[in-house]
Every structure is written in structure tokens, then in C-alpha cells.
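Below, subunit A partners subunit B and then partners subunit C, in two separate complexes.
The block that comes next holds the complex of A and B.
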């Protein structure tokens, strides 16, 4: 056996198991459902009807709009909270900020279902807030559950710590000496932010955003437990198609539509990752 | 040369990882009987208890009962898919010795797997069969009911002293007590499903409830009118009527006193009163005409490899011993006379009679009903 061939073969052998797993459990099911989404449920012939249904039926259209609305709101609010929060965690040396940084990891260890029930317990119309209010003779019913508000609140619960983690990690990679030297030559705080911190961290913020976007488009548990009856997030609409109506072809079409919506953000992710800033090219 | 040894090691590890290990044979020469069921976790633990009891019983000297369980969430549909696929692949002597089939599913099995998919039951092989009181609406010669449950009206007796007794009284009560009644969205749980089904089918001849004939779907309008008329009187949150998801959704509202009444499964209420999730003040009452119930049944597919063992397990499942376990563990209705079964749960269920269960079997119309509800009721402002 020549060692040359061995050297070339070993890397392929090593990636073979993971490649086979991806082909079997990711590529094959996706292809399978794409093919199925173009099939007529009864005759099996080629049709676009499964897709047309989702873009013409008023209920499904409002589901798609609702999902995009909830997801985009979640993404914007997450960024709004997480970015300043990360800057605080990075540049404050107080003991409080160390504590918060530690606490920020905690939600990662709480199972999603538990978190949803915990929040429901607090904000429902007879929940903790209402009960505390009753002690003071107030009947506080916020009506937060079973609509978009509760889904967004829950999404923020999950995503702010997550986005903060990514952005803070990026900010810690920023050398303190760079900022100090800028300060030495008289740069204002605003200048330091716009000229140094922002350009060096926006990429990671965008990456966090794409992750948040993708994980919320198809979310199921949160909208299932706290969402309303109509309109529905697409994850629930998909569940209805295959579980309640047993319309497998439409379910396949909807999954592909969700896949397409997600790929917009994966495109951004890949683009940002490949794009080099001007000063990095050399 | 050393390198090729390394490669060999890598290959060995990889293949060991990929192969996994699956082999099981019967112990000590006993023939294994595999029983397939599905549902939530309490069903699973009950089945494991039943298997232990069976293996210790007289039958256990000849047969070893083994439980294969498909947890809900992984989609119970797959038991149907799996057995049909096995039959279509021409397999015989499979381990589908005994499977759980509801009367509503029977039609699907027969249309996909053929009318002769199941063994016709030979009651002479089951001495306990003569004690079974529960009556199925379809498939009497194929299915053996082994436990029942039904939807009833659960109410908080601390707030409601005089609960409605007929469906019309219930509809009137809902209108008189705005926001104090809720049912869960029907596609997410059978309790709300039963409320919707009965609200629609109470307006139709009784025969419609056991027919999958398309013509009945044209008669649904008065029922849906009723549901629409009641819509503003149901439980509200944030100024909007809300139909919580899942059977548990409305029971949670009942537990924290946001509502006073809800349709609920008897076994679920019994279990939750016992475990303290629901307060002791929750009581149950059946309507006239009743909410629909369900008889869970077992059937023997012809592709099963151990017919005699399957009969033995089936016979055991309708014995007093197994029925007591089912009542204790799950609050399930015994299918035999419950008066001589000793269980703490007997008192709670004694007023409901398993032989008068109202069952629905509307086949594919069930999916259409859910869809119509999603389109017309869920979207109401």
C-alpha cells in the first residue's frame, strides 16, 4: 500500500460517517418532501396546487404574515436589548456585571418547555402578577396569553441571552489597547463606538440575528402553548396540515416554503461570513 | 504498515457505531407475545404494570408478554403505518401479535390493509369474554374493548351548585355565565373535540354519529351556528374569546378558577384530582345527550406470529386483575361489571355506565370537521 493513497483516503474515511448521516437524515428527507410537495394528493401527478393554496387561501396568507411579523419583531427587539446589554457586560468591570454575565448563561440550562410554563404561570390572567395585585385589591389581567404578545415575550426570554452571548464573545475579542489608544488621541465615546466597536462587532450581531430569525420561523412549542387560535405561526399550521387534516402534500409544500423563508437568512449569514472588510483584504 | 492498522481501527470503531445492537429472543423457552400500544406516559407505565402482572400469572408460565410503546408526540399514526407497511411487504409471522386499535381507526385499517387485515375473534379461546359489558358500535367480531373513557362536564362544585343536566341547559348556562366556560381547540385534544362534535351532531339524527357518509357534512350548519352564537360567551383573555390548546389547557383554567366548567376526559380528571393538580371541589356530570367517549380496544393482525399468545394476553386484559390495574393506574372505565372491582377510584366513576357510552365514528368527516372549525370558529373576532 502506498502511503500516498492512504494519506489521501484517510480524510475521506473520517468524514464518511457524518457525510452519510447528513445525506440520509437531511438531504434525503428534504428531497423527498420537495418531490411530494409537487404531487397531487389523489392522482400523484405534477401540480402546483399545494403551493398555490398557501399563497391564495386568506387564512394561510394571514398565517404567513403573522409568522413573519412575530419573527421580525422578535429579531428587532432581541437586537435592541442584546446589543447595548453586551456592550455593558464587556466594558463594565463592576461586580454586578460579572454576576449578570454568569446569570445570562442560566437560561441555556432551562428546558424550553419548563421555561414556557414558568412564564405562563407568571403572566396568565390568574397568575402570580394577578395574585400579588389582589393582595392590594387590584385585579390585574394583562391579557397577554394566547396572542402574539405572549409569543414575542417568550421568544425574547430565549433569544436575548443567546444573542448577548454571541455578541459579548465578539466584543471580548476586541483588544482594550485599541480603544485606549483611540482615547489617547482624543476620540469621544461616540467616535469610539461608531468607528471601532460597531465595525468590529456588527458581523457577529448579524450572525446572532440570523440564528434568532431561523430558530423562530419554525418554532412550535412556544406558539402551541401560548399562541392564539388564529392566525397561527407556520409551525402550528404545519402541524395542523399533517396531524389534523392528514394533508401530507400540503404539509410538504409548507415545509418547503418555510425552508425558503429560512434560506433568506442563511444567505445573509453566508454572505456576511464570506465578505471581508476592506482592511482585512490584503 | 502502522498506518493501515490505524485505518483498520477507525473502520472498526465506525462500523461498531453504525451497527448498533438489536436482538432479542424469548427467555427460558417461553413464547413472546408482543403487544403494541400508544399514547401518553401514564398509558405506558400502566402497560408495563400489566405486563408484569401477566408474566407472574398462570399464563406467564407459557408466554412472555412484551410491550412495545409508541409515545404520543412521535405520532400514533405510525402504528397504523407500520403494520400496514409490514402487510404490504408481504411479511408474515411478525411481532405485531396484538395491537391497540380504536373503533375510529378500524375503518382506516380496513381501507388500507384490506378487510381481512385482522383475525376474527374466537371467544371460545377467552373465558373472560363473557363478562365484557361494553359494546362497540363497529367491529364487534374483531375488536376486544379493554378500557373505556368518556368526556364529561367537569365543574367546580364550590361555585356551581346546580350543574346543567342536558345539552340545552348547558348552552343556556354558558350564555348566562359569560366567560365561565371554555373548551380546548378541537384539533389539540379530544375533550374540546367531543364538545364540538356533539354540539354539531346533537342537531342531527343519532345514526349520523356513526356514519362517515359525506351527506351529513351538509347538515352541519345549525351546529356551527350554535357554536358561533356561543362564541362571545366563552372564556376570554385580553378581550378576545380564547380556545386553549390541549385538554390540559382548559383544566388549568378550571384549576386556577378562571372558569367554572369545561368538557374533560374522566380518566384525566380522576388522575388529576388524585395527584392534587385539580382541587377536590371539582366534580363531574354527564349531559343528556352525552358527550362522546372512547373504547380502547385490542385486535389481532393476521400477520402476527403468535395467535395463541395474543388470545392469552387479550383474555388477561379483560380479567378482573387487569381491569383493577387499569382503574387504579389510569382511572380507566372497566369494561366488565365494576361493582366487584375494589379500587379507590370506583366512587368517582360509579355514576357513569360503560354500557351506555356514546361513541362517534365519523371517519374522514372528523378531519373535515376540525378543518371547518379552524376556518370558521377559530378565526372569529
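The block that comes next holds the complex of A and C.
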């Protein structure tokens, strides 16, 4: 009997160390910080003031709007570029497309800080673009750095290869014969896209969107290095609350607000995943 | 130069080839020209406006970077932290992956999805929440604190990728080994582990490289006592000339390139975003 119990305990024992780590350093801190976000910094009594601050202070409100604007723009532009790019990579058999496919892997492995720095050296007002312009007697000052444009450019650098990989992988699951047969019975390119390619790949595209959305809502390094001073992305605003103002209650409230914004896209992610498993059951 | 005339090129290559060639050029310009430019600047002695190609090449800025003590110690710290984080993560996560893929038990699905929690909360929010706790435990500004942050960061990959790899091994192969008299430990070491190796290798690579480039959590939890290459990079970007910054950026990217090259047979497009989708 005791060996039976021992056997049943084995999987739990194997999981225990990693689960303990999550419980102690993820679950507990998050719960702790959610509770703290409802407390008054001095008296410790229940209050909504920490949240109200972010929704009434004009600077913080513009930060929230700015973050949502930058993130949504990034997501839309990423999809706009990644979808056609993926279709090209999937359906072109040329040697050039194989090369691009291989080269598309590297950006994922370039340390974020290096990528940001490398792009900064190109787009800053004394950077490569400006210097090339001077050869032709132009003084190109695009003013790309330290505003929303540079954050979006950087986000695209990181996210297009990532989204492309996910969508391309989904498209590889699509048999070429399906498309050939559609073409045989006279389907136009647009029909093939809307009736075959889109329905079979939109779920993976949505998963890519979810990840792009979530990682950009809370991004820090990119806006810290190439973003402006005002308005700020929420990741920076949060760091300021914690590090500069030591306002832990407000920092906790802001992280929860960011979590709520992210959970909009988490719901899409979970919904898509559940729908998929339902479809598989049939 | 006349061969680069777009009009000539269009007619020489044909419409399809021309468009493909344009795409390739734009792709290289956007994704690779910044990296190539940085590599070039790392070997420049003089890079004054308006030169696109540096006026003088050499290793002047390498000796400058190598003489900076804080930068050198940051390189050492980075590797120590990355190695320890990867090793501890392996010890903790591979057993969990094994249990989740091999045993049926109550709460399995809930436990499996609990690893998703590490990625569900905004990263900076999680670091801040952890930071408040770290003050209580006196983990602020310690190696242990930084290593915990790095392990948490890639915990999900570290469980889910090996789990997927272990699940693809047929149980009959393990049973066959048991039938000819192997002990459970021998089976694990000689049969299960080698077959799951690709998944475990990719997960370890993610953890190792992730730790090397992690800057946000390290800065929040470790600053100013613990400096890594990634946290030093913030200062290098804002304070140093481009030629010196490029040298340090190159040092930071070398481990990634080396590992990508050495483990290229394990790293496939699917594994690059592995763990993103639950299969």
C-alpha cells in the first residue's frame, strides 16, 4: 500500500521544485502586489486612489493612450508586412526565398540592446542615412529618434521576423495540392487568399498578434533608449514609479492596469486555442 | 554602375525576379545593414562626419574597451550568471517536464498551465512585484536575486520544450530497454535523455542566451551591485562614442552567433518560437 502512495507521489515530487519557484517568485509577488495596489501608502487602509491617479492625471492618461497607440500601430504594421512576406516565403521555390527564410531566423537571436543600438547608429541625425545623404549633397534630418516613430521602427525590426516565422509555419501545414486544385477550377489569386489561405492561417496569425501585443504593452528597453521624454510608454512610467518615486502602491496599481490591457489579448489567445481543440475533437 | 540602373535591371530580370530582388534588398537593408554597419564600426579608429566608411580602420577602441575594468567584470558576471541560471534551470525543469509528459495525475493540466503565468503578467510589472518581495528577503543587489529573475524568465520554455520532446518518444522504446533488464535510471540516461536531447538543448540555449541579454530585470533587481554586459550596455549606448559602443555590442552578440552556429542542427524554425503554441 505504501509503495502505491509512493508511486503516486513521484510526479508531484518531480514538479515540486519548479512549481515552488513559480509559487514563491511569481504567484505570491503578483497577489501581494495586487493587494498592495488597493492600499493607501501611509495608512494601509483600502483605497482606489492608486488606480484613480492613473486615470485622472493628464500625464499618466496620455502615457496610457500613447502606449496603446504605439502598440496597436506596431501590431497592424507587423501583420501588414508579415502576412504577404510569409505567403512569399511559403509559395516561392526560388533560391533567393530560401536564403531569406534562413536569414529571417537571426534577428530572434540578436540581443535586444545590440539591435536597438545598431538601428540607432543608422537612423540618428548624424547616422548612416544622414551621411549617405551628404554624399549627394543632402542634409537628411528625419528626426526619427526619441519619438513614437523610432519605437515603432524598432518594434517592427523585432516583430516582423517573429510573426513571419509563426505564419509561415502555419502555411507550411497547408498542402500545395489544395491550392493547385483551387487554381485548376479557376479560382483567382484573391479568392485563393480569402477562401483558403486566410481561414487556415488566421489562428496562428492571431497567436502572433497576441504575443506582439503583450510584449509591446510592457516593453522597456526600446522606449527607454529610443523613446522620448513625454509621453512615455507604460513600461518606463512603471519603472519611474518604482525606482525614482519609490511609490510601490502606484507601481503595483500600474502593473495591474497593464495586466488588464494585456488580458484583452490573452483572451483572444485562449479563445483561439480552445476553439482549435474543439475543432480537433470533431 | 549601369547594371544597377533599376530600369535596366527590371527588363534584364523580368518582372517576377525583379520584385523578388527588390524584396531581398529591402529585407537586407532593414534587418542586416544596421548589424553590418555596427560590425564595421567596431573595427574603425576614426569615424568622423561625413564619412560612411570610417576614415581609418584598426583596433584602437578594442584596447579602450578591454581596459575598462567595469566592462570586463561585467563580461565575467554575465557568463557566471548565465551558466548558473541555465544549470539550475535544467535541474529544476527537466524533472518537471518528465513528470508532465510521462505520468497521468490529478491537476496535471492546471500545473502545466501554471508555467504560463510567468509570461501572462507584463514583465516589468512582474519585476516590480518581485522587487518589493526581494527587499523583504534581502535579495536586492545579490547574484541569487538576479539568477532567480533569469530562471523565472525562461522557465516556461524550459518546461514546455523538453516536455514536447519527451512526449514524442514512444513508450515502447523505454519498455523494451526495461525488458532486457535496464534499471529505470539506466533507461532514462541511455534511452530517454538522448532522444529528448534536441528539445532540451534548444531550451537550454534559450535560457543561456536569454540570461546573457536580459537587462530589464537585472537592472531593477541587481543595480548597482551586479553589473552584466546587458546592463553595462545602457551606459555604453548613452556615454561612449559609436566606435567604442560598436566594439561592446559586437562582444555582446558573439555568444549568440557562436551558439547559433554550433547548434545549427538543433535550431529549426519551429523551435525558435517553440512553447508559444500548446500542442
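The rule is short, and it goes like this: the second predicted complex is superposed on the first by the 263 of 282 C-alpha atoms of A that agree within 3 Å, B and C clash if a C-alpha of one lies under 4 Å from a C-alpha of the other, contacts with A are read in each partner's own complex, and residues count from 1 in each chain.
Criterion: a contact is a pair of C-beta atoms (placed from the backbone, for glycine too) under 8 Å apart; a residue touches a chain by one contact, two chains touch by 3 or more.
These figures come from a predicted structure and were not determined experimentally.
> Pick one for A:125: touches subunit B only (first), subunit C only (second), both, or neither.
After superposing on A, A:125 lies in contact with subunit B but is clear of subunit C.
> Have a look at where A:115 lands relative to subunit B and subunit C in the superposition and call it first, second, both or neither.
Only subunit C is touched by A:115; subunit B is not.
> Between subunit B and subunit C, whom does A:52 touch in the aligned arrangement: first, second, both, or neither?
neither
> Give one of first, second, both or neither to describe whether A:235 is in contact with subunit B, with subunit C, with both, or with none.
second
> For A:17, is the partner it touches subunit B (first), subunit C (second), both, or none of the two (neither)?
both
> Report for A:146: first if it touches subunit B alone, second if subunit C alone, otherwise both or neither.
first
> Looking at the overlay, what does A:6 touch: subunit B (first), subunit C (second), both, or neither?
Touch partner of A:6: subunit B, not subunit C.
> For A:243 in the superposed arrangement: first (subunit B), second (subunit C), both or neither?
both
> Would you check which partner chain A:72 touches, where first means subunit B only, second means subunit C only, and both and neither mean what they say?
Neither subunit B nor subunit C is touched by A:72.
> Which partner, subunit B or subunit C, is in contact with more residues of subunit A?
C
> Could you list which residues of subunit A make contact with subunit B in one structure and with subunit C in the other?
Common interface on subunit A, subunit B vs subunit C: 10, 14, 17, 126, 224-225, 243.
> Okay, in this complex, where on subunit B does subunit A touch?
So the residues of subunit B touching subunit A come out as 3-4, 7, 10-11, 14, 17-18, 75, 185, 187-188, 237-240, 242-245, 256-258, 367, 370-371, 374-375, 377-379.
> Okay, in this complex, where on subunit A does subunit C touch?
8, 10-12, 14-15, 17-19, 21-22, 25-30, 32-33, 36, 85, 88, 92, 94, 96-97, 99-101, 103-122, 126, 128, 131-132, 134-135, 157, 161-162, 165-166, 168-169, 204, 207, 211, 214, 217-218, 220-221, 224-225, 235, 238-239, 242-243, 248, 251-252, 254-256, 258-259, 262-263, 266, 273
> Going by the contact rule set out above, which residues of subunit A touch subunit B in the complex?
1, 3, 6, 9-10, 13-14, 16-17, 59, 124-127, 141-147, 149, 224-225, 227-230, 240, 243-246
> Hey, which residues of subunit C end up touching subunit A in the complex?
Answer in residue numbers: 20-21, 23-24, 27-28, 30-35, 37-38, 41, 49-52, 91-93, 95-96, 98-100, 102-103, 105, 108, 111, 114-115, 117-126, 128-133, 148, 151-152, 155, 159, 209, 212-213, 215-216, 220, 230, 233-234, 237, 242, 245-246, 249, 252-253, 256-257, 259-260, 267, 269-270, 272-273, 276-278.
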